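Following this line, the structures themselves.
Next come two complexes built around chain A: one with chain B, the other with chain C.
The block that comes next holds the complex of A and B.
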């Protein structure tokens, strides 16, 4: 049963300060932008929130993608399409463009935002493994000021984050990548498919591997990374992956498929010849 | 000799016939002006929604609609008639209907109907015959000396293959809008594949005179065989419209549609093939089973196409508590093609032969050896078979490509159809036919046939279809429409134009037999300068327009086609993801009316077939008997990014053109599953026995293959 929309309240933010002030007053306000997740909830009748803060008018201020102190700064309201079209992203973090291209279809890419993908905190989200693999930071702001949270500390549980109700994600910042990054999403068709397994990582002196869709949050695989950095062989690496993840069966895939394919993807990224 | 001959003009003489002509209703469709049943909204209209049984099988003990009637906006809430045993036989069985002022209120009302059930034992498992009493064993049939064939075979190959139940998943779901007009008259807008006769069912239901029911369906968002019925939702709309005097609209929700409004039976088989070293097929043994829901599904008549090879077959029917099957585009054929062609390809692999060579070697065992031989050559050239094909054993690496092929057959003779062509004194031309356009270009076919006959541009003809007040025409099923309507419209236009010529001829000082209509003029054949323009000729008509009547003419149509399809796929053996690279379809269909919409039919069929091969399956929960994926996230269809490169080649020589018109809706949807399945096997190096070729099915086949 779809959620009835008549009782819902929408506040349109006039400025970032206005948005932060409203959030400080009413922490039950749910910030929204592209609404690509909100509409899914409404369609399934699971939309619990009643009051919304529309951030879309702040796109000019929070939708920019720029370089600051050699760090790539993605404004929270940058859409997947913005990311796809950004020469800076292509140059500095091409796997983010790959992830953006893999999300939904063109309509979703035009509306969905990076901040929303991170805030929504789905374990199957496509951009979180990228940010996690490259040690990004989430920039949060409230009426009281700004703070930064390391990406690895941001997702605290299934669909739970370190964001306080009075805070907004204003940007994600990624440091320069030391090594060759990779991204692989295994969905069930070319577009409009949610991941069965999604892996991002960096091949280099400090190997990094982040995986989505196999745990309550996107996760790094530290043991696998240590195994890789000491130059272990592929069998050992596969074993490390196997020990480190404990996926479940659900509507999108089976534990067995996820375990096998995660190991295959890591193996392919670090030992494959493609 | 007639002035304008009934027979189709030759390829060389035709002005429109067989050319590439844009569909005439393209603009109204892409601009959203085309009105489908889903778009029909009447003043003061009620929406109807249904309360569905949530169990695989359950007896209804009581239905309480009192809470539903209290939902603001609800006007009618009532129990629906149940079968004699008061039992719902599948998840999604309609138990009650609620009509309300808004769609939302009707939905809420339907949710609030309280139904008490006694849950009964059910079966939804059909991929095995190990389901106790739910199986009806069939009779064994045999043709030729089968035991001898296997005893003397150089090689015997055994395999097991299958494909699950899939649904029609029409873009426009099923439904109707019904309006009582007073004076025992009814106006209905059903989404139907048989506009000429559906009104009679509404009339019977309400005890009306059939001529007092006006049925209108201008555009149909797909049917594929699932929209012939007069269904629960149609009956409910009719009853509520009569009861309330208000228009009522019921369009199925997607979950409802996927659960009950049509499915294609599953098919599984253990197959043995006997062959000689040179690839000659000498015997088949099929032990097949499948399910089409609670009743019997059609038996599978295998071997497919290679019918002359000695064979034995036995088919068992598995009864399941799932929404019943309906005709699905080429009923039985895609399944038979898959179960046969997979076994044949496996035989080729076992013999170390190129399957294309093995197919060629066995064409004598088919109905149309010459047609297939030519089409195999064309298809092989288009996909680059000779350059690309490698045996399974040669495949290496993570991402592997493979080629596969399949061949198919279909009848496609036109149905009974009537048409009327009217020429007005101002030069306007109307063609009327009580047919329907399932989205395939029916209007365009009618315009082309009439314009060709009258010697006019296609856009000069106005087309009227989708209305039961028009000359009756058959239901659109079995690829029968184009043969029927092309011949009825042709003969009606011949009748009309010959009447016009008869009036004009005296002014040209010629006999009617000496005149012709072409290039927008009526003129004397031997002296084309002696003639009048179309408008001038029509000015002679006077007050009463010329009316030409026509009906299906067997001399203008034919039946029996062959087709070849080849597929190239890429399989990632680490993820199990199979991706389409290229798919080639070569098809004959006799006289092609419009090359462009004919090709479009084939493109659409290939996409539908690719979807069935890679994605589609209706998943049932064995414990609860519920359908687990009645939505379009988990009942997956291919997107444009999934179909790869499609190449369509229509056989259009003088010989093909001279055969008469043959239907094209079904044949090209038959082979994709088999061709893709064979390409996946060729790429992986092992057979993936069960469709769809999802990552999980591919990886488990690879794991089993590696363990062997």
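The block that comes next holds the complex of A and C.
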């Protein structure tokens, strides 16, 4: 019989201030919430961390979705289900709801959080392309204060982020979207599949394209965006996509498949009938 | 290795499990004793077992487990509620599905200690004695199981889907059950069972 994880310490946060004080004291504490990523590693026996800071008790404070100065503010502890059910998200950033619906199954959606998806920084994460495409900001807080990081500067490398160990992601803020947003995910099956390719973007005066699962981090495709904004044809756009992405072969897909599918998804989003 | 005579397989496995846990805990304890770890431990739970109460199927149940123990292991190994199954143990298959505060979650990726103060419902809560719940009867009538190992997780996911949406469309049923996998491929029977149970619950007969 498999025994679960190795011994661990768990601090349950009593308040945001309490959580930030703990992190300032002991930056080796790993923040956790819905545990949908962290316990996959833990149960698999590949998780090195032994000290955890449980943020779930802060859901009331950090799980809200609201509008502030025309910006959509998604609390870090909002679950995918919260996002799916939020009329504000449906109205202001419907592709975030589409991304949330495409993640896992209902059990994952009830526990997984937006902040967790961003912090986990998997290149195959489904909400990061949405935030990157719409120029969102990550709001980070430490005992010393709050700072904002442009989404494009947040993912600094494979599974690496600009978050300092003493900081928590408290929210993601998205400005109003200028244009028609789109989201497309291709995985092995409709539910409970990790993306082979995931694309989010905006069609409009300033086209935006963000892609996941084709590089060590989620990436914007600036050359493709420039090609689109000068009104180039589909072949030129496909070629630009091909030049800009560098996918690899891995357990979920091949580089060739990802290259073709990324070009197809961008083509479909900007030149398709819909 | 055969269980010694007079021991049920389950009791035997439990005994083995305790041994393995004790052995596994030693390196961590040694680290602590050498003072390698920061001294903040007094603000933290664990790694030693703590006693607390869980609200399971409407009853307060005491458990004494380490914080590392998942809700699934606490239910199965400490409370003898073996309906929720341990299959993938990594939030993929849905065999461990239980309801927490009315919502379906994977018990394999939730720590038991974090389920304190929440309402936990397992598949064992659905039948009333020998009388099966509507969804369970519908599973039987619609051949919604083959080997049956994923079935308890499916049943809980179906029950929660029906509580959420008493009149689901076939598409909604597929969406709502996307987090449960069946290697025997009984999906079609499961879908029929949910739709039939929904109809019966609404008073439309079968």
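Here is the rule we use: the second predicted complex is superposed on the first by the 268 of 274 C-alpha atoms of A that agree within 3 Å, B and C clash if a C-alpha of one lies under 4 Å from a C-alpha of the other, contacts with A are read in each partner's own complex, and residues count from 1 in each chain.
Please note the rule applied: contacts are C-beta pairs under 8 Å (C-beta built on N, C-alpha and C of every residue); 3 or more make two chains touch, one makes a residue touch a chain.
The model shown is predicted, which means the values in this text are computed figures rather than measured ones.
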Partner chain in contact with A:190 - chain B first, chain C second, else both or neither: both
Which of chain B and chain C A:111 touches, first, second, both or neither: second
Touching partner for A:254 - first (chain B), second (chain C), both, neither: first
Residue contacts with chain A in the superposition, chain B compared against chain C: C
Partner chain in contact with A:272 - chain B first, chain C second, else both or neither: first
Chain B and chain C footprints on chain A, overlapping residues: 1-2, 4, 105, 190-192
Interfacial residue positions of chain C with respect to chain A in the complex: 13, 16-17, 20-21, 24-25, 28-29, 38, 40-41, 43-47, 66-70, 73, 86, 89-92, 94, 97, 103-106, 108-111, 113-114, 157, 160-161, 174-181
Touch list for chain B against partner chain A, complex: 104, 107-108, 111, 398-399, 574-577, 579, 614-615, 628, 633-634, 636, 638-642, 694-696, 699
Touching residues (chain side chain A, partner chain C) in the complex: 1-12, 22, 25-26, 28, 34-36, 39-40, 43-44, 50-51, 54, 56, 81, 101, 104-108, 110-111, 190-192
In the complex with chain B, residue positions of chain A that touch it: 1-2, 4, 105, 186, 188-194, 196-197, 251, 253-254, 257, 260-261, 264-265, 267-268, 272, 274
